[in-house]
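Every chain is named by a letter (A, B and C) in the order it is written, and numbering of its residues begins at 1.
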C-alpha cells in the first residue's frame, strides 16, 4: 500500500504543501521515521523528533513551519489528531483473515449470510443466524442460535456471541469478546444478609446462610450501529427485557456490562470498567478505566468519571466525578488536599488545647 | 414452549387466580407485555407499567389486587423474586448447542463420556478425561488431560479447562472461563524489594533489580457441586495443594481466583473480583463487584464486602465492609462524612487560633 | 515421573541428608503428604504439619533438625522458596498437549515452523508466520498474519495473537490471552468534554455531545525474551509505534496493557492491573493486583505499588506506593490513621470553641 502525499491529503480533505508527489508506504513516529514513511508530528513537542529521523514528509498542525523542519512536504491539519482517524483507516493493512467461507468452518444450513460475508476456520454459525453483507467472521468465532448481525461487521478471532442477540451495522467485536452470556442473578428463599445490610447501611442482622437459587436470563442483548466491544469484554443478556447498547458507543477491553443495563449513544466505557445489573447510563458519557458502577444506579448524559471512580449512587447529567465513593472532581481534589493538611491541623488543635488550658489556669 | 397459567403455577407450587387456562409463551416486562406473555410485575412499582402493556396475566406479590390492575389471571407469590428462579428455569429456551458428538470435535479415544453427553464443533476433550451423564460441552471448549467433570454440566462456547481439574455435579462454565491455569508465582534469588517493603510497611531498602524465577503450579483445582464460573473468569491451579471452590458457590464474569485459594460454600464472587494467592474465604460470603483481596488474607463466614472494597488484612466472620482499605461499613460512611466536615473544621481551628492569639495579646 | 531424593537434590544443586535413595513421585503439603511424596516444609510453621502426614522426606530450610521431625531424608535449602522454582519445573507433568501438527489444525502454507513445533487441534497459523523451534501451539490458538514467535514458546489453549506481533524466546501465553488487539483510541471533531475537564481539573465547560471517530492501530506489539502473559489478558497494538514489553517481564491474568505503552524488563504486573495508553513503566517494577495507571504516566524503575493503587500521575524510581490516588505507602498509612483520629479532633475543636467563647464572655 503506497500513496503519494497528495493522495493522502485528498482522502483526508486537507491541505498538502511542498513536493506532494513523494510516495510513502506507511506512517512512523518522527524520531524513527524512514524516508518512505509519513511522520506523525501532530504537536510541536512531537516535531522535535524529526531531526533524529529521516522523514521527508510529515503530518503537522495548521500553520506549522514545515520547511524550517527540513521537510520536503507536509500535510497540514487544523485538528491533527482528528485527521489521524481517516489517515489510519486508509493505512490499516488489517488482520488478513481469509475471505470466503472456510471449509473448516461450521455454518448451520438454516443460517443466512449476506453477499461477501467471510467465515474463518473453526468458526461456528448457529441455526437461524443472519449476518449482513460484507461482514468478516474471524477464525474460532461463535455466533449463537437466532442471532442477527448487521452489515459490515468485523468479528475478530475468538469472539463469542450467544443466542438471540441483535446487533446493528458496522459492529466491531475484538478477540474473545462475549455478548449474550447469562446474567449473574441469584436469590435466596428468605431475605439475604445483603438485602438487610443495604436497607440498614451496614447491619445484616443475624447472619444466616442460605443457598442461592439461579434466575435464568430470558432476555437478549440489543446493540445499535457503530458499536465496538473490546477484548474479552462480557455483556450479559437481560433477565426479562434486553440489555441495550446505543448507537456509536465504544467499549474497551475486559469490561463487564451486567444484565438489564441500558447504555446510551456515543458513550465510552474504558478498560476494565465494571457495570452491575439494571444500571442506566446516558449518552456521551465517558467512564475512564476501572470505573465501577453499582446496580440500579442512573448516570446522566455527558457525565465524565475519572479513572477508578466507584459509583455507588446516581449522578446527574453533566457532572465530572472522581474517587471512592464518587465525588465531584473538584471536591475530590479539595478533600485530598484537606487530608494532607490533617497532620498540621492535629498539631494546631494540640497547641490550642495547651494554650487554652494554660489560660484557664492563669485566670 | 407454551404453558397455561395453571401449569406454570403448579410448577412453581404457587396459587393461580382468575382464568388460569390462558396460554402464555414467555415472560415480559409489564409496560411492553403482549397478550400472549406473562408480565413480571413483582413489586407495586413494576405493576404500574401494566396499564401501558397488553398483559392478560401477571406474576404478582401475595395479596395483590390483580382484578383492579385489569388482568384476567395472576400467579401470586409470597416472595416473587424467589419464584422467578423456578419460572425462569422453566421458560429458558437455552443456547441451542447441537446434541450428540459433533463430527468436527476432537475427543481423545481414552476419554470417557457418560450417557447423553454432547460435544460441540471444534471442542477438544483430552486424554483420560471423564465427563458425567447429560453434560453439554459447547463449541470450541477445551477439557484437558485427566480432568473429571460431574453429571449435568453445561460448558458454554469457548470454556477452557486445564489438566488435572476435578469438578462436581451440575457445573456451569460461562463463555471463555478458564479453570486450571498456572498460578502467578515467581521468586528472586535474594529477598526482593516487595518482601522488604511488606516487612517494613513501605521501605524496600536499597532497590536492587533481580530477575524472577518461575514456580510451576503442580496442584490442580477442585470444584464442588452446583458451582458457576462466569465469562472469561480465571481460576488458577495450586502450587502444591489444589485451589478449592466449595459447593454452591457462584462466580461472576472476569473474576480472578489466585493459586492455593480456598473458597467455602454458597459464596458469591461478583464481577471483576480479584482474589490473590493463598487466600481463605468462608461460606455464605458476598464480595460485590471489583472487590480485591490481598494474598494470605482470611475472610470469615457471612462476610459482606461492598463494591470495590480493598481487603488488605483478614476480616472476622459476619462483618459488613466497604472502602479502601476495607472498614466496617458504618465506619466508612462515618469517615466519609467527617472528610466532608474538614473544610469547616479547618476554618474553625483558624478562627480559634486568631481568638486565642488575640486573647493572649490582650492579657 | 519418579526421582530419588539424591537425584532431586543434585538437580537443584542442594544438599541431601539421610536415606537419599528414597523414591518420590511428586510433592505434597506436609499435613497430607503420603510416604511416596516429598513434603514441602520450607518454613518452621509449615513443618508443624509433618506430624499429621506420612512424609519420609521433605524439603527444609538450611540447618533444620530433620531427624527430630521424624524424617528419613531431607533436602536442605538456604532459600527454600527459590529452590522450589527448579524443583517445580522438574516435577511439572505439563498440560499434555499432543505433539506434531494436528490434522485438524489450519496452518497457512506460507508459515514457517521450526523443528519440533507442535500445533494442537483447531489452531490457526496465519500467512507468513514464523514460529521458533520447540514451540508448543496449544489447541484453538490463533497466530495472525506476519507474526514472529521465538523458540520454545508455550501457547496454552485459546491464546489469540494478532497480525504483525513480534515475540522473543521462551514465551508463555496462558489460556485466552490476547496480544495485538486494536488500541482504544477515539477522537471527536471538536475538543471533547474529557479534554476540557482534564485541562481545568474538573470543568468540561458546556457539555456538547459529539460522536467518536476511530483511530486505527497501525503499530504492532514487540515482546522480549522470557515473558509470560496471563489468562485472558489483553495487550493492545500501538497507534504508530509498537507497544513494547521488555525481557523477563511477567504479566498475570486479566491485565489490560493499552496501546503505545512501554514496559521495561523483569517487571511484574499482577492480576487485573490496568494500564492505559502511552504509559511508560520501568524495569524491576511490581504493580500488585488491580493497580490502575492513567494514560501518559511514567513509572520509574524499582517502583512498587500495593494492591489497587490508582496511579494518576508519574512516580519517581524506587518509590513504594499505595492508595487512591497513589501516595507513598507511609503517607497512606499515616493518612488513614489521621482519618480515624478525626472524630476525636472534631470533639476537641467543639470543646475548644466552647471554652474560648466562655473565656471571651467572662473577660
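To be clear about the criterion, contacts are C-beta pairs under 8 Å (C-beta built on N, C-alpha and C of every residue); 3 or more make two chains touch, one makes a residue touch a chain.
By chain, UniProt protein names: A, B, C = UDP-3-O-acylglucosamine N-acyltransferase.
Worth saying up front: this structure is predicted, and the values here are computed from it rather than measured.
Asker: Once the Cα atoms of chain B and chain C are superposed, what angle does the rotation have, between 0 and 180 degrees and to the nearest 5?
Answerer: 120
Asker: Examine where the copies chain A and chain B touch and state whether the two sides share over half of their residue numbers (same) or under half (different).
Answerer: different
Asker: If you average the CA atoms of chain A and of chain B, how many Å lie between those two points?
Answerer: Comparing mean C-alpha positions, chain B is 23 Å from chain A.
Asker: Name the residues of chain A that each touch 2 or more other chains.
Answerer: Touching at least two other chains: 104, 122, 140, 158, 176, 232, 254, 272, 290, 324, 339, 342, 345, 349, 352, 356, 359.
Asker: Can you name the residues of chain C that touch chain A in the complex?
Answerer: 104, 106, 122, 124, 126-127, 140, 142, 144-146, 158, 160, 162-164, 176, 178, 181-182, 184, 186-190, 192-194, 197, 201-204, 207, 209-218, 232, 234, 236, 239-241, 254, 256, 258, 272, 274, 276, 290, 292, 294, 310, 312, 324-325, 334-335, 338-339, 341-342, 345, 348-349, 352, 355-356, 359, 362
Asker: Which residues of chain A touch chain C in their complex?
Answerer: 26-29, 32, 40, 79, 81-82, 84-86, 88-89, 91-96, 102, 104, 120-122, 139-140, 156-158, 172, 174-176, 226, 228, 230-232, 248, 250, 252-254, 266, 268, 270-272, 283-284, 286, 288-290, 301-302, 304, 306-308, 317-318, 320, 322-324, 328-330, 333, 336, 339-340, 342-343, 345-346, 349, 352-353, 356, 359-360, 363
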